[in-house]
Amino acid sequence: MQKEIIIAGFGGQGVLFGGQVLTYAAMDAGKEVTWIPSYGPEMRGGTANCTIVIADEEIGSPLVKNPPLAIVLNLPSFDKYEELLQPGGTLVVNQSMVDRAAKREDIHVIFVPCNEIAEEIGDKRLLNMVAIGALLTAFPEVTLKDVEKALEAHLPARHKHLLQMNYEALKRGFETAQSVHQVLSAN
Amino acid sequence: MPRELWEGNQAMAEAAVRAGLEAYFGYPITPQTEVLEYLSRRMPELGRTFLQAESELGAINMVYGAACAGVRVMSSSSSPGVSLMMEGLSYIAGTEIPAVLVNVMRGGPGLGNIAPAQSDYNQAVRGGGHGDYPRIVLAPASVQEAIDLLVLSFDLAEKYRMITMMIADGSIGQMMEPVELPEMRPVVRKDFDWATNARMGKRERRVLTSIYLDPLAEEKTNLRLLNRWKEVQANEVRYKEYFLDDAEIVIVGFGTAGRVALSAVRAARAQGIKVGLLRPVTVSPFPYQALDQLTGHVRAFLVVEMNTGQMLEDVSLAVRGRVPVEFYGRPGGVVPFPDEILNEIQRVSSGRLVAAADPRASWLTRMSANA
Amino acid sequence: MPAAKGWIEVSDLYCKGCELCISACPQEVMELDMTRLTPKGYHPAHTFKDGCTGCAICAIVCPDAAITVYREVTKAAATATA
Amino acid sequence: MTIPENLVYDRPEGFTETPTHYCPGCTHGVAHRLVAEVLKEMGVIDRTIGVAPVGCAVFAYNYFDTDFVEAPHGRAPAMATGLKRVLPDRIVFSYQGDGDLASIGMGEIVAAAARGENITVIFINNANYGMTGGQMAPTTLPGMKTTSSPNGRDVETQGYPIRVAEMLSTLDGAGYVVRRSLHDPKNIRMAKKAIRIAFETQVRGLGFSLVELLSTCPTNWGMTPVEALKFVEQRMVPAFPIGDYKVSASIAQIKV
Amino acid sequence: MPRELWEGNQAMAEAAVRAGLEAYFGYPITPQTEVLEYLSRRMPELGRTFLQAESELGAINMVYGAACAGVRVMSSSSSPGVSLMMEGLSYIAGTEIPAVLVNVMRGGPGLGNIAPAQSDYNQAVRGGGHGDYPRIVLAPASVQEAIDLLVLSFDLAEKYRMITMMIADGSIGQMMEPVELPEMRPVVRKDFDWATNARMGKRERRVLTSIYLDPLAEEKTNLRLLNRWKEVQANEVRYKEYFLDDAEIVIVGFGTAGRVALSAVRAARAQGIKVGLLRPVTVSPFPYQALDQLTGHVRAFLVVEMNTGQMLEDVSLAVRGRVPVEFYGRPGGVVPFPDEILNEIQRVSSGRLVAAADPRASWLTRMSANA
Amino acid sequence: MTIPENLVYDRPEGFTETPTHYCPGCTHGVAHRLVAEVLKEMGVIDRTIGVAPVGCAVFAYNYFDTDFVEAPHGRAPAMATGLKRVLPDRIVFSYQGDGDLASIGMGEIVAAAARGENITVIFINNANYGMTGGQMAPTTLPGMKTTSSPNGRDVETQGYPIRVAEMLSTLDGAGYVVRRSLHDPKNIRMAKKAIRIAFETQVRGLGFSLVELLSTCPTNWGMTPVEALKFVEQRMVPAFPIGDYKVSASIAQIKV
Amino acid sequence: MPAAKGWIEVSDLYCKGCELCISACPQEVMELDMTRLTPKGYHPAHTFKDGCTGCAICAIVCPDAAITVYREVTKAAATATA
Amino acid sequence: MQKEIIIAGFGGQGVLFGGQVLTYAAMDAGKEVTWIPSYGPEMRGGTANCTIVIADEEIGSPLVKNPPLAIVLNLPSFDKYEELLQPGGTLVVNQSMVDRAAKREDIHVIFVPCNEIAEEIGDKRLLNMVAIGALLTAFPEVTLKDVEKALEAHLPARHKHLLQMNYEALKRGFETAQSVHQVLSAN
């Protein structure tokens, strides 16, 4: 098994940390993993993205052109990765930041209003966890439990009090996505 | 010991600490800065020396000084910064003392960019500073390998009184992977018989210099270095083999280019193409023999690099025109995707090939067409 | 001198919502416009009430040369920009 | 073009249209604006060549309506020297940060000043290495936390801040060496005047001129732009006093 | 025009002046200092720019600046000083502007000595600064050739917007020979469409930089440089042939090693040995084709260098193992005498030879035995 | 060994037996002698490590009975820093010429002084590049003829002399920075005292110490050794005044 | 103080005949010995007449530490060498 | 024809200039020539020597191990080059500075008291010309006239007044050497 995931969005949307949590979860679940960011000369602003590879054997390329899985948290990322996604792949889209429908028919696109859900839970910084929760519906190799354990282990001390809210965010994201899946399969 | 997720730069820094690093001198430069930043916190914790030098020139000469004292010392930088160290490296080599340097390579020439590249291969392996001097050059392809090779670097540098350089491209420095860190080794001050650590009432005075005014004495020194290099060539060649047993096409690639190639090789195997991979771990000494022996059984070599074809010449020197050597490179900070290399494998396995004088030529034509 | 009447224009292309102009404006007539986002995603500065004297202090502190200042013509105008 | 007479202030013509890449509230932008205004006002922008450093100002060449070159880290004064020596009637200036000028480039700036090289240097002192993520600079204040002095600059092991203007003022070749700050309108006006005199010095062939500008780095200081200005006023100005450190007799004559 | 006796360093300096040199920036270092000293008097006489820089680092960046203005500019140094110029050279290459640099090579590594050497070949031709960039490298074997090639350097540098470097060993710089100097060319400021000499109301602004933040843009630049290099390879390869028609053994040597070899070849011919000499004048671009063609007719090559075998690899790349390549080198500042090379010729012509993987090995054994 | 009580002066034990390679009458030799005497008198010679420059003093490592290393041109302060940081209880000094320290090595010396690096620097100012045959140095006097300023140093194009002691004294890290001369017995005695205080500064861990010594180069000045001393007295001392430019409070306490 | 009696030895190994000692000697009792050459080919310095006080000034100025100075023991002796 | 000449002695004995004069003479006589000094890091003192190659065709090596001709102006040089000289070669020795006889039998050794002769003529700096005059007796390819012309052309202006004395020195050296030759051939 090898799966590649790209998470992309604005800086400040928790793209890199979100990706790391997923990476930790997979690692602790006994998988081979790589996490690689795109880094820029200006240590600030702009868009951020990272690529995660999860596999059962020694991982070759840490980068991939056409990932089977991706989370896009803003419009520019949606535009870019909708094109690049592998046919049959799954794209989790942060509905709160995009104002258009999907163009491609040959991929699963799951729209989740991450910002709104996060704010409902009480902290808009949780939007990345909402999105990851949603992604897990298309990525059985890593379970909600795995990610929760990873959060417990790696959430910075100063954020530990947010642990429960993070679990909640994951769960809400997961559930929202599942309902969408049902819709998809219903059609 | 459980596996932990480490960023390459920080992992290299911690590995050096555990290998007994006593002093680090460096200067910030992307994509290597995390090594310096990590050590700026870690070294003082342990009561060891961290100093941000005024420049790479300062850094390499501080390394030179500390190395003369016989302690484990290193610096790290990225391409432009490393270019500033060439005079110092040549002096260190001429003085025959151990020193470790990490180059987290970026796109060039000039200021270029900060994306991952492998275009300092020639500088590290051949050119670089003035004068003839051999050096050990290691090329990790993963964070774990970067850790293991950095520890090895200190041992090799001391064993052969030689510069040991690690060339890692920016992605090795920036990526995170699960690793096992080595045990923390105690800092031991070996009592080297060459170290200029002051007489202290115990011995005659010592001098460390790279001057040999008499050309015959300098020639002797050059030959001494070469004879020591023969030992290095005999003992220290390292490389990794993948799917070579029945391979008709062999890819040669180091570092990230090598591991990307591995993905392509798997994909090609899935399509039934008999292709394998040889990934040099020591690019100096270079695994000439291994390639020489392979040449007997294979139809062609495909060299993959993140530059315009530098290691390519070492491969050609080993193959000596007996079978075709093809080249695929992405210079300037571009990291190839597996599917690009897969295309190349398919091209090579299908096409009728001739051993061209310069494998670069046809590649350049193809690349320029696409561009 | 009697407070002259002035007004400013803030360019959406350049403004990064750093608020330096706001804290510098002696008349305290500026704020970020939370109702709008610039193409780069910043809330731009604007004057939210009358009282601008056209003193150009906001423009002098603006790191992005985003502000254009006008005022009803007076003697002072010519020399206002240091 | 004719200026509408009710226009009090407009974006300087010395600028290109390109918005800067600087962080919100970074006073690099103010320094740029002042240079552009001065060059335009002096009517020399057309014969000016800029030398960009390696640092956050590396892209300065995108913003000024002049020819520009981009120097290796710290070597801008040498490149400016090469340009000025073969094009003596052109106006050549370098724009450098404190890591660029006072750390790796110390050799080049001292030599250029000692030679009385007829160039102008705009020196941005923001007490850290902005571009690479906020490491310690020669100008970092004692005790100041940076990404390479995580426990605060320890003067015992990491040394003391270098006061560049004071140091260069000891050189006979230096014609005009002053320090200004960009933390409030009054100081910005003083800074602009100094930049004007610096370029006038070059136009008149009176030798080496350098204006050190105390500047902010909100991003790496971890402050809002407004807090950063306060930091300059309260912490940096005392450590790097504003003043004229070297004004040769002939330059003292210049009226602007 | 009558022949005059000129010292190599001064002759190179005067040649540059006559080629239209507008500015010289340098720093003293033996055995090159006479270039600087000569120009410190000559350039001001002509109202041109001479400046002793604060260092080689300063010098190369002054050259960089003046080159951006589109004028003919040069620097000169010797091995350690040239090592300090590597970052600057890489920037100049990445900026695609013409610049001329002379390296009067001395014994190394490190401070070494000031005797004649050829051990910066790899630095000049391959390694050197960071990143991929081609450069033209010329290797004179006489004072007259140094003069002619220096004039050529400026033309080539401008034609290809490329660094042109001359590597002359110390003896070329210090010896006197009868020469004819070229006509004094007028200084002409060509109106290059890339020069940053200020708008002056005539044009849009220009920028010269080596930054390409986008790796794809940097890659394009790398390929553009390579394609320009293809032209250089097609048009500018230069070498001298001696006694090649019926040669069974061919010596390959550049610069002083080449002319010393010529004496040995004559002596060997006198003994009836069918030996010839190919002396590369451009070591980059290297005369691969000429050697490739020779390989058909000869029994063996003998590479002679004043180093531990650097050009040797280029010869091997051309010969590709088809016939044996033997090596004789004197590193560290030793200039071989003709009789040493004669011995080698005799050894090669008599002995049964095999195409060894590394021709250096047997040489090193022989040398170490003598030492 | 016991000193015969009628012995007034003998070759210092801090020296090896090797005769120096310096030209007759070159005061590099005097500077060497003073350093050797001081190290011996302080009883630290046994734990001292010297750093030789590239310059006429390149072979200094042959003459002192201490460990020695030989630095690249201008980088002695960096090498000394490397040694001192890992061997803090050793005495580390660099010995540098004016081309080495004030031209190519300016970046390293300023940084070391600013860091308050606890090393001692003996700085030989002989107004030219001796080893390479007498080219212009940053310290060459205006109008002075050298092999690279054949018509005399033209300050307009070749710049002004750098007064190193004055310049470094502006740095907070500098503990002891003075200038002395070697042109007569009185000044030689003063020079020795200064060298003593400089090393005492290091022994006490009081920071960076540098003694600039005005020295002769009879060979390249084209003078007899005696004329050369006169030149130092009459031409160099006025241009490079003898004095204490920086003596930190704690160092001022030192009695020798 | 009353001129003490002293004497010097000049080492042929080190002396380069630079004459600095000669011009420094307050008693003017030194000169180069034109009758002798050192192994390095220099005429070494020596005292050509009485009057040496053992003041050691010659030794202090000697760049090659070639001079050893003695004198009949007096109080001053101990401190003579600066 | 190719002949190599080495001139060796102390700095200050006019070794390099003497060699250059000979080189000029040969060049103006239409020959190919090279002149190469040995150079040292200390721009002062010590021994100096230069190698001159004179030939009819393009010159290969500017250095030679066993020259057929040499002038040695002091003892160390005598010791060194007596050994290296080619069998049958000619060695001009400055008798004034050497206190021993020749060791080899298979070479011509011409002892000339260069210092004394130079001082007789009136300037001890002329000793190099005396030696060169002597060498010419063994080197017919270059004549006294050639060397005189070279001197006239290349003697630094400030020394032009010494031209006649230089001619004299050459002549005296030549004659002294000839008489020695006669002695040699007499035995």
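Letters A, B, C, D, E, F, G and H mark the chains as written, and numbering starts fresh at 1 in each.
What we mean here is this: a residue touches a chain if its C-beta (ideal position, glycine included) is under 8 Å from a C-beta of that chain, and two chains touch if they have at least 3 such contacts.
Worth saying up front: this structure is predicted, and the values here are computed from it rather than measured.
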item: Starting at chain B, fewest touch steps before arriving at chain D; value: 1
item: Chain pair that, of all pairs, has the most C-beta pairs in contact; value: B-E
item: Far-end chain from chain B, centres as C-alpha averages; value: G
item: Chain whose average C-alpha position is farthest from chain C's own; value: H
item: Distance between the centres, which are taken as Cα means, of chain G and chain E, whole angstrom; value: 55
item: Whole-Å gap between the CA centroids of chain A and chain G; value: 88
item: Geometric centre distance via CA averages, chain E-chain C, whole Å; value: 61
item: Separation of chain A from chain D, taking each centre as the mean of its C-alpha atoms, in whole Å; value: 44
item: Chain D, residues touching no fewer than two other chains; value: 23, 58, 70, 72, 103-104, 106-107, 110-111, 132-133, 138, 158
item: Where chain B touches two or more other chains, by residue; value: 30, 51, 54-55, 57, 80, 87, 91, 95, 110-111, 113, 209-211, 213
item: Where chain C touches two or more other chains at once, by residue number; value: none
item: Chain C residues within the chain D interface of the complex; value: 6, 11, 13-14, 16-20, 23-24, 40, 42, 54, 56-57, 59-73, 77, 80-82
item: Of all residues in chain E, those that touch chain H in their complex; value: 3, 5, 30-31, 113-114, 170-171, 174-178, 256, 259-266, 335, 337-339
item: Partner chain D, residues of chain F touching it in the complex; value: 103-107, 110-111, 114-117, 138, 155-156, 158-163, 166-167, 170-173
item: For the chain D and chain B complex, residues of the former touching the latter; value: 54, 58, 70, 72-74, 99, 103-104, 106, 129, 132-133, 135-136, 138, 147-151, 157-158
item: List of chain B residues in touch with chain F within their complex; value: 22-23, 25, 49, 51, 53-55, 57-59, 61-69, 71, 73, 87-88, 91, 95, 196-201, 205-211
